[in-house]
Structures are given as structure tokens and as C-alpha cells.
Amino acid sequence: MSPHAPPDPDFAARVRDSFGRQGLMATLGASLSRVEPGLVAIVLPFRPELTQQHGLFHAGATSAIADSAGGYAGFTLFPADSSVLTAEFKINLLAPARGERLVAVGEVVRSGRTLTICDLKVYAEAGGARTLCATGLQTLVCLRDRPDTQTR
Amino acid sequence: MSPHAPPDPDFAARVRDSFGRQGLMATLGASLSRVEPGLVAIVLPFRPELTQQHGLFHAGATSAIADSAGGYAGFTLFPADSSVLTAEFKINLLAPARGERLVAVGEVVRSGRTLTICDLKVYAEAGGARTLCATGLQTLVCLRDRPDTQTR
Amino acid sequence: MSPHAPPDPDFAARVRDSFGRQGLMATLGASLSRVEPGLVAIVLPFRPELTQQHGLFHAGATSAIADSAGGYAGFTLFPADSSVLTAEFKINLLAPARGERLVAVGEVVRSGRTLTICDLKVYAEAGGARTLCATGLQTLVCLRDRPDTQTR
Amino acid sequence: MSPHAPPDPDFAARVRDSFGRQGLMATLGASLSRVEPGLVAIVLPFRPELTQQHGLFHAGATSAIADSAGGYAGFTLFPADSSVLTAEFKINLLAPARGERLVAVGEVVRSGRTLTICDLKVYAEAGGARTLCATGLQTLVCLRDRPDTQTR
């Protein structure tokens, strides 16, 4: 049982639809692996196209999936006709992002009327082992009466 | 005249070589536009492959070029046989990242023996106008006696 | 000439009155030194009561005046019947906070309807010299129709 | 059983001695409540001398005890002849800091040779109930061969 009760029962479809419209996630090769009330996970398989200068995942790739995971974790708890914006985030890179894939987990810490705060974690999976390689905090804004599918 | 005196006269070649090995920057379509002592700028032209759900630049793309710009700004002031790691960064998204291109500028605020702090700014250029769309702070680690070209 | 036009002509009196009600600022011995549209500076003279374990200013003292400087910088641009809350801030401690006094300067980077972003700088003044000892970023919330003097 | 093994068996005495030399903690009225390998908690009873303009705990007081709790959490895992410095921290204020006392908990997420990353949480206790009022992340530097008691 989740501590978070999403006001929109179709939250998962809404998240998946919105994620599908993020050109960057497709470019990176990222996909949604969990969509739950207040929690979203995104998986990113390794490719040389995602690296920094030493062949590890670039911090920008790590941050991009962390930002989307947190943004959509918040979005699961938003009303149906709203949009989500990232106001800011901070991320600490704890260990080399090395492995077959990264898994970013965004989790809502506090969901308010306007601001939602998420915890961000990114794990590197290599040979069956999982290492926490980044941890972050994110502040989201809920834009009410601005459906996510509306053209900007 | 710069307040920063790079210990390695070949700093620009070292930065350009390292940037060329970042798979992610090529995937995004980013390129270096300025490499100066303590300052690096990166340009990212708009493509639908870089968007979030509303067709604007994804915060992950904004962050990725900001992180690289800051990292290489610090790297211009590092010794020849060192590497650079991002320890952490924080970024505030100030305005919609809309336009023909983004320009990320990383600038060294303080360069110490181990830690270097950079200021990050990202501008959106649209129809000749330039808007500050993100501002951030970044902490870098200088790894001495670990040449950037060494295999990890 | 300021780029910021405060909607409330009495912004300075409103800031000074509110600052006077902050018990912590009196406890620390801090005072307002500048109150301008979008910019507030706070001075904190050195006392052993403000130190960390090595006799320098404690990062908590540095942060406290930086937070108040930024909060009131934002507040100068808010409507008369509003309140200000800090949603979050991040601060990098760049150099030892050593000297006769600290001066914190908060400056508005972007003032929006709900969120305001401020740049934070703290300088240590010692023997006539001024050193930048901390730099930060802060996100403020404007609570409309909630006068600052209202009891909570 | 703790996942962290402190290299100095006298870590708790070292932390308590150092905390006792922090003038600011005495000024605020803060005291240590837990000193464990990789975890330190600090309690701060409410006083009007610690408030912001609405009579709640000032974010500066919340941040000051969070910074000390994290700093000393890291310090528990440092060698005997080292010192600790805060490089940076970020804190989100989640809920009004209202109550009889605040409890800040700093916990080590990753302890490296040079950098240590801590998770920061601050709880407000009111009438027997405990509310998470702030969450943060902190980067510490371990200065080796620089005993904490050495004059600077």
C-alpha cells in the first residue's frame, strides 16, 4: 500500500504517454521500468553514444534519466489536466557510472499543491551487482489547468 | 587578460581532444564554441531528438552541456597529466529552453588543488534574442597523475 | 538604474520591518546594509559565538545570512500583501570564512509569479581585503494574499 | 551492525570534543544526541532567538544544525589526525519548522579518501509528532594530517 494516493486513476497511462513524447529519452535509448504512485524508474542500457571521455556513462546521461524519473514520479500524483516542470535539481556523482545499464529511481518526498520534492537515485548495474552511483534532490512545479498534451 | 593562468600551455588542445572522445556530446550534436583559460562554451542546435514532452529542449540536454562546459572550464586550468571528474552540480531551470540553439557557458569561480568550483549558465537563442534559461553551480575534482587519455 | 521595478514602493520599509522580527538575525548580530530593488546585503561582525571548531565563522552562520539576504532580495520585488518562503538553497563554501566580518549579498536572477531565483554571495572582510568565501543559489516562493505580518 | 567501520576507535570522543568547540552550536543551544559510525544527530530546542519573521525556526538555524550533523557524521569515519570541511550543501525546506525542537540527522552515503557525501534530514517535533521539515545533501572534504584541534 502506497502512502501516496494519486488523484488521477489513469496516472500510469498519462506518464507513459508523456514519456513517449520525450525525444531525448528515445535518443538516449531509455525506457520506463516502473510507474507507481510517487515512484518512477527508468532504465538506460550502455552504448558508446552515451559516454564521457573515459568510456563511462556521461554525467549528463545519468542526470537526464534522473531528472525524467523524478519529474514523472511527481507527475503520477498530479491531477489529470496538469503539467510538470523541473524548477531545479542537484545531483552528487558518487561512483563511476560503469556497467551494462543505469537505473534511475525518482521518488516523491513531499507533494504539495504547487511544489513537489523528489529524491533521485541512480544505480549502475554490472555483472549482476548494483552500485549507487548518483543521488540527488529535485524540485518540481505543478502547472494546473495546463494539460500535458497541450501544444506550447 | 585572464585572471587564470593555465599551468599547461596546451590546455585548449587537451580540452578539444577530450571533448572529441565524449560520445554523448556527438550524440546530442553539441560542439565547443569557446575554450579559454577558466571558461568553456558549448553550443547545442535544436533537434526534435533533444526534446521533453512539449517539444522544448529537455532539462537533461540543458544539464548535459552545462556539465561538460563546466568540467572543461575547470580542466583548462589543470596540469597536463590530470583528469577531471564532476563531484556534483545543481541547476535551476529559469525559463523554457526554446529556440534554435542553446549555449552553455562554464566559468571557474575558484580553482583549488583538489576542488574546483564553476558557475554554469545556459542561454536559449531564438530569432536573434538570447534568454538565460538555466543557472547552476558545479564542484569538480582534479585527479593528478591520471592523464585524461589513460584507459580506465 | 535597476532592471527590477518593485510593485510596492514601500518595499524597503517592509523588508526592514520583517528583518527586525527575525529573532535569529539579532541572536547572530547581523544587520541589513543594503536594501535595493532585487538586492539585499547583510553584515555579520565576527564573534567567538559564531564559530566552528577552528575559530572561523561556522558555515551555518554563513548560510543563515546568505539565506536571509536572498529571501529579502526576492521580497523587495513581491507585492505588499505577500510573504516569502525559502523552498531550497545550495551553497558552496569556497574559502575559509575568516575576518572581521562577513557580508552576504542576495540578488534576484529571475522573479516569477510563484518562484523567484536568487544568486547568493558571501564575502569575508579582513584587514581591508575582501574574499569571496561562499556562492549559492536559492529558490523562493511568493505567497500571495498572505501579509508578512500575519500571525501563523 | 553498522556498514561503516571507523578507523579511529575514539571517534565519538573526537566528535564530542570538536562539537564542544563550535561557538555557534552553543549560541543556538544545540546539543549532540547521537554519535554513531557514519551517523550524528543534533537536537535544537525552540527559542524565540532562533526564529524567522513568523516565529518559526529560521531556515538558517535548520541549515546550521543540518550542516554540523552531516559534518560530524563524516568525521566519525575519518582518521584520528584529520579535519573535516564542508565543501557544499543543498537543502530543501519541505514544511514549516514549527515545534518544541528540531532534530537534524546527518548520515554518510559514501565515504571516500578525499570526499564524503552525506544525507541530511531535519525533523520538527511538536506535541509528540515528528514531521520531516528539511532534506539535504552535503559534500565534505577530509583534510589528512591536519588534526582537528590544531590552531588555524
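Quick notes on this one:
A, B, C and D are the chain letters, set down in written order, and residue numbers restart from 1 in every chain.
Note that a contact is a pair of C-beta atoms (placed from the backbone, for glycine too) under 8 Å apart; a residue touches a chain by one contact, two chains touch by 3 or more.
Composition by chain, UniProt nomenclature: A, B, C, D = Medium/long-chain acyl-CoA thioesterase YigI.
As the structure is a prediction and not an experimental result, all values here were calculated from the model.
At the interface between chain B and chain C, over half of the residue numbers appear on both sides, which makes the contact a same-residue one. Chain centres computed from CA atoms place B at the largest separation from chain D. Mean C-alpha positions place chain A and chain C at a centre distance of 33 Å.
Annotation: 29 Å between the Cα-based centres of chain B and chain C. Each chain gets a centre from the mean of its Cα atoms; for chain A and chain B, those two points are 22 Å apart. Residues of chain B in contact with at least two other chains: 87-88, 90, 92, 137, 139.
Contact residues on chain D toward chain A in their complex (touch as defined above): 90, 92, 94-95, 109-110, 117, 119, 132, 135-137, 139.
Those residues of chain A lying in contact with chain C across their complex are 87-88, 90, 114-115, 137, 139, 141. If you check the complex, the residues on chain A that touch chain B are 18-19, 21-28, 47-56, 58-61, 63-65, 67-68, 71, 83, 85-93, 96, 98, 148, 150-152.
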